[in-house]
Amino acid sequence: MKRWLMIKKLLPLALAGSMTFLSAAQAAEPILIGAAASKTGPMAGGAAVTYWPNVKLWEHEVNARGGLQMADGSKRPIRIIEYDDRTDPAETIRAVQRLATNDRADFILAPYSTGLALAAAPIFDRYGYPMVNVSTITDQTDTLSARYERIFFTLGKTSVLAAGVVDALVQLREAGEIGNRVALVNVADAFGIELAQAARPALQEKGFEIVFNRSYPLGTQDLTPVMRGAAAARPDAFVAFSYPPDTFALTELAQVENLDVKVFYTAVGTPFPSYKGRFGDAINGVMGVGGVNADSDAFQAYQKRHQEVTGQAPDFWASAVQYASFQVLEQAIEGVGGVDRAAVTDYIKNNTFQTVMGEWRFENQQIRSYWTVGQWQDGEFKGIASEGNLPGAVAPTIKNGWK
Amino acid sequence: MSDDQGLSCRDVVVAYGQHPALRGVSVQVAPGELVVILGANGAGKSSLLNALAGLVPSQQGEMLLGQQPLTDLPPHRIVEAGLALVPEGRGIFGDLSVEENLRLGAYSERARKQEQQNLALVYSLFPKLVERRRQIARTMSGGEQQMVAIGRAMMSAPAILMLDEPSLGLSPLLTSELFRSLRRVRDTGLGILLVEQNARQSLAIADRGYLLENGEIIGSDQAAALLADPAVQHAYLGGAAAKRAG
Amino acid sequence: MKQQELIRLVLVALVFGLLALLPLIPANDRLMALAVPIAMYAVLATSWSLFSGPTHYISLATAAFYGVGAYTLANGLEVFSYPLLLLMAALLGGGLAALVGMTTLRLSGVYFVIFTLGLAELIRQLVTWYQNNFTGSRGSYVFTDITEAQIYWQLLGLLALVFLLGWLINRSRLGFAIRIIGNDELVARHSGINTARTKVLLFILSGAFAAVVGAVMAPRFVYVEPSMAFSPQLSFMVVVMALLGGVHRLWGPLLGVVPFAIVWELIAANFPGQTVLFMGLAFLVVVYFIPQGVAGVLEQQLHKIRQRRGG
Amino acid sequence: MNKPTVLEVRNLTRRFGGLVAVNNISFDVHEHEVVGLIGPNGSGKTTTMNLISGALPPSSGEIWLGDTCISRLPARRIARSGVARTFQLVRMLPSLSILENVKAGAVFGHQQLWGSELDHHARRLLERVGVMHDPDAPTSSLTYIDQKRVELARALASNPRVLLLDEWLAGLNPTELQQGIELIADLRDEGRTILLVEHVMDAIRSLCDRCVVMSSGSKISEGGTEDVLSDAAVIEAYLGKDDE
Amino acid sequence: MVILLTGLFLGGIYALIAMGLSLQYGVARIMNLASGEMLVAGAFAGFWVYTAFSVSPYVALFFVVPLAFAFNWLIYNWLLLPLVRRAKNRGQLEVDSILATFGMSFVLVGVMLMAFGGSYFSYSWLARPIELLGSNYSQNRVLAFAVAAVICGGLYLLINRTRLGLSIRAVAVDPRAAGLVAIDVKKVAALTFALGGAVAAAGGTLLSTFLTFDASIGVVFTIKALVIVIMGGVGDIRGAIVAALALGLAETLVATLLDPGLTLAAAYLLFILILLFRPQGLFGRSAL
């Protein structure tokens, strides 16, 4: 009985497995693209919003137009090989190694999240794969770029993201909208710690008073004490360097506690469509990390296609950047007209790309212009501050209650 | 009351791993009869009761209650059949109250209908338990706990009641009281199979007795006859007493 | 007897020597991708069963020690020399094991399991909190020039060391004492064995090894984060592999690590979406069908063959 | 009795919650003497053994082994000072071989051997207790009496000053019983000092020089074996009072 | 006062989570490491009911409870009973059941991943403030607490006032003696295990109303529940409730007064102190 049960569970899996092989075999001479990122583990939630749908969208878009243009005039479709790294860096390393040596992938997409991507960086480097990172947010981009000649960064540095928040606050204070009191909260994970460490001195330097400063561990079940403490400090602005689950929890608690602030900022997860889906219009005025030029045609077209192909909306920050990073790869391959990785890497370094995020050019292997702060305005998350003066920024507004 | 309801076992063999505890034991108990099994420590008395109650598996032999075979039944089915055990150390539920313990005794299908009736019977046999109904069993004295244990077994409306060393740890005074109540229980028509070390006092209330030594029955007789038999003393203290034939 | 042991020793040394040549094979990438995790889990599972095998204490604290080791290296890399850091990792891991062992080894099995399960989480929280509030460290970057092959060699060396130590312990009074304890702690006490000290000593040993492995592996990850260094999955994998192999022999865990790692690789490569499901199923197969471990099954078979030959 | 006292029990008491399992017991065991500790079921004999061997700490009272007070020591220290015991239900070390089971007694205890010396010692003892089995076989291949013999050999292996036997003869069939009694008699003749708890009275009669009788936790009699066994108080303890 | 109430609300939910495990461990003697996954499954059900039909997630309870009950009953009879039969002693059963249920937890996570994917799930329902004793609390939490209290109370009555409950307690106190009073120990153990699973799943449905969850979050709750069960004393429902409330309170206290970063550390510290000084749990037998 027991064994039978197991077979019953295994059978559909085996079938599903063999089916993907079949459908792949029909395509002629595809370019193999490896993707190793989290489908399980703590990072899976974020990857399921930002990473995997874009992989799917990209594959669909490229193949829909017949594939990538080669120098010899032919078109080659792309085929994605996906692995789950279970949010385990050792598994990321193995998956990328497997892609490079076993599957002989032509190119490999950078893994999702800082730690996992950096774990894979030496492997990309050793096998000579260009690595266009998106969700790798660190202040070490310069060191890393010097160390690995094939690594690229697109989403920004922690210190700059933090500075963006501070600038937005300064702007509002100068407009006379808010006072000096800031409540600062962060998730005690590398991301939150780095941002808080950068934001604290920056805020003080600009004359802000940090009236409440707490961190909480990843996976904290009840953030009520944090929110209550923040509310009790009577801040003008609430800044939380948070991850998706706590972004949601903090927003909900702010409504419950009726946190009366002019600026409410939460980090990762704020630009997620599900954020709006959950809180509706109450989030108008909420600021968050990143942002897009929501009014640009490029983004709106992308948004539409994303919805059509993947059945879900993209977020208003990393999603589009993620897709843009794939476009970089796509245009570089077509520019070279082949799958010579060294040539593609050089092409990425020395050319300009037209992406959903606008025109991109890598300087010192880094994109120097990116959104740092966005804000929910009229049901859309719009960029309000950027590094490198991106077009389409809207003026920040203050938050008027939670109704 | 016919012998149909009696307990009988034949050639029961029990071993714990390599250690043989019973080497083929046959015992009978009729309803309304009080039978005592005597023997020194380690003779296999408890093993016999535990095997009958289904707590330890028997390797060989046949056990019957009336016409129903008991061999290899799980403990709860044996109780359901009408054979109840008061184990050594009482085995009451220390964290539950007296009345909860008693009511649990009537958990079996056969006993549910007569629960109130049996409860009244137990309370009339052990009036002390009435005033202690709500007390947590663990906090009572040894003698009272023993009463709870016996009462609980009686609540299952058994045909045959087995008791394993009920006098253990009781003062002489309490022991006498206990034996008097056992006689009263027997008089209600139950068969009782009693394992006891206290040979003289148990024989005084018993109808018949078996003498168990080293996992074997070495003698059986009417209680009065055993009381005078030097083999009994021999079984406990060894020595010069002549071994009794069969 | 003596000669047989000598032959065995030479053979083992030979095998290790051959294994050490592995990174020199050209185009060895696929091999190395498999060899490094195998070597890592071999050290962890073997050292785990030095303690848990004879005592039957299921320790889920491997990740705690591993994480301590990884952090020791990550934080000390700019201050101390690499060998010194490995030594420090061993000392810290051993010290932590001593502390945990002394307080919790007198608890009964289940409590010990749950405490060790929580330990990695506890240390992770404390490290995070400390980092957040005091060092202000922005994650921990490990920039070294240590190559994959060097990591592999180090792990291989550690494995040889575990085997050597395990072999020595098995021949020593300490090993005899721990086997007696595992069989019957009461008898052990009544035979004059200091059971608490013996158990703690072996726990320290397994903790120290796990910490050194953590330190050795850290350079591979470039970036050390609490959630990764103290990943509970690591602890569980070690337990499954060791149990699968069999913990009653020194070489038992190895029999679990190698096939498990290979099967795992196959699963991860062919069913990328269902790895967790398959890990669970593998776990269940071990518990239900090979509770004695591969080593146990193997020995039974060998015994049968011998018996058949013998008559 | 002018033989020196090896084991001295003074006012030993042990309570479990409200229950007094051992109540103010005192007795001596002299060198080369075999003393029986007897009494009906539940009288506290095994608890007394556990107190002497250190499996349990006493509530009050003292136990002296020669010049050392051992009543506050942990079991391993007591074992090292020279007390060895067997257990009521035989306790083998199942994953160890027969020989290793014996060795276990001679490595950490009163006598600490290792290497070939230990090997010889253990083999000698197996021979001594009459185990003819392959010493490298697992203990599960042994018969019950042989397991008991191995356990005895393990206790003897430490060359103890006092040997505690807790119902060592229980569960043996008549032939085995005879062999067992002879074996202990041999040990007595060898000059071992033995304290034994036993229910097989024939064994007590043939082995023990003296007996201590316990009932309900208290000592009710002490003296020469035959005298004690015909003591009215002892008979009453075993058989119960004559009918009221 | 604010701390007290917040801690209480948190503790109430913990109590429900721990109650299921306490029943399973105390009566069926299975240390169920897959109990967190049952909870997550319940959370998914709540999410599904709310998002698909726009009705109160509590509606899900009507099918979550019977389904989880049946599912756990099957698990016990098919997967765990063989282990119970195989085990030579309690220690071995403990080790085996820990390993087996741990494997099951992975299988369950795998199945839920296949079914729902790895994303975060959350929805907003009754996220409005309600004023109690002068400060604000969210309605979904207060309601969840109330429902948890009702379930706990119901269970308490079931255990203490019914015949079934009496037999459950009897098995918990002494399985051997329970057999002697005609209780079918295996059946009661299976029923209790199933009941425990149903309670855990119900807890998940409640939690989903205010917590963001994903398919692999179960282990977090399993560990919490284990800590509480051991703090409260194995098989002691009352102890589990008190321990859960105490833990909720302690965590809130530390988070508010000390540092939220230390809440988990505080929970474990409490846990180890109790293990060391009261290994039988808060209400363990020798306490009386």
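Odds and ends about this structure:
Per-chain numbering from 1; labels A, B, C, D and E assigned in written order.
Please note the rule applied: a contact is a pair of C-beta atoms (placed from the backbone, for glycine too) under 8 Å apart; a residue touches a chain by one contact, two chains touch by 3 or more.
Computed from a predicted structure; not experimentally measured.
Counted as hops between touching chains, the shortest connection from chain A to chain C is 1. The chains touching chain C as well as chain D do not exist; no chain touches both. If you compare A-E with B-E, the chain pair joined by more contacting C-beta pairs is A-E. Centre-to-centre separation between chain A and chain B, using Cα means, comes to 75 Å. In whole angstrom, the spacing between the mean C-alpha positions of chain B and chain E is 42.
For the pair chain C and chain E, the distance between mean C-alpha positions equals 32 Å.
Chain B and chain C have Cα centroids lying 54 Å from one another.
Contact of a single residue of chain C with at least two other chains is seen at positions 125, 128-129, 132-133, 273-277, 281, 288.
In chain D, no residue touches at least two other chains.
Interchain contacts (touch definition given at top) occur between A-C, A-E, B-D, B-E, C-D, C-E.
Per the touch definition, chain B reaches chain E in the complex via residues 53-55, 74-76, 79-80, 84-85, 87, 91-96, 100, 103-105, 107-109, 111, 136, 138-139, 152-153, 155-156.
Put simply, chain A touches chain E in their complex at residues 1-2, 5, 38-42, 44-49, 188, 214-217, 219-226, 228-229, 244-246, 248-249, 252-253, 255-258, 269, 274, 278-280. Touching chain B in their complex are the following residues of chain E: 163, 166-167, 169-170, 173-174, 176-186, 285, 288.
Of all residues in chain C, only 173, 176-177, 179-180, 182-184, 186-195, 248 touch chain D in the complex they form.
Those residues of chain D whose C-beta lies close enough to touch chain C in the complex are 53-55, 74-77, 79-80, 84-85, 87, 91-96, 100, 103-105, 107-110, 112, 114, 154, 158.
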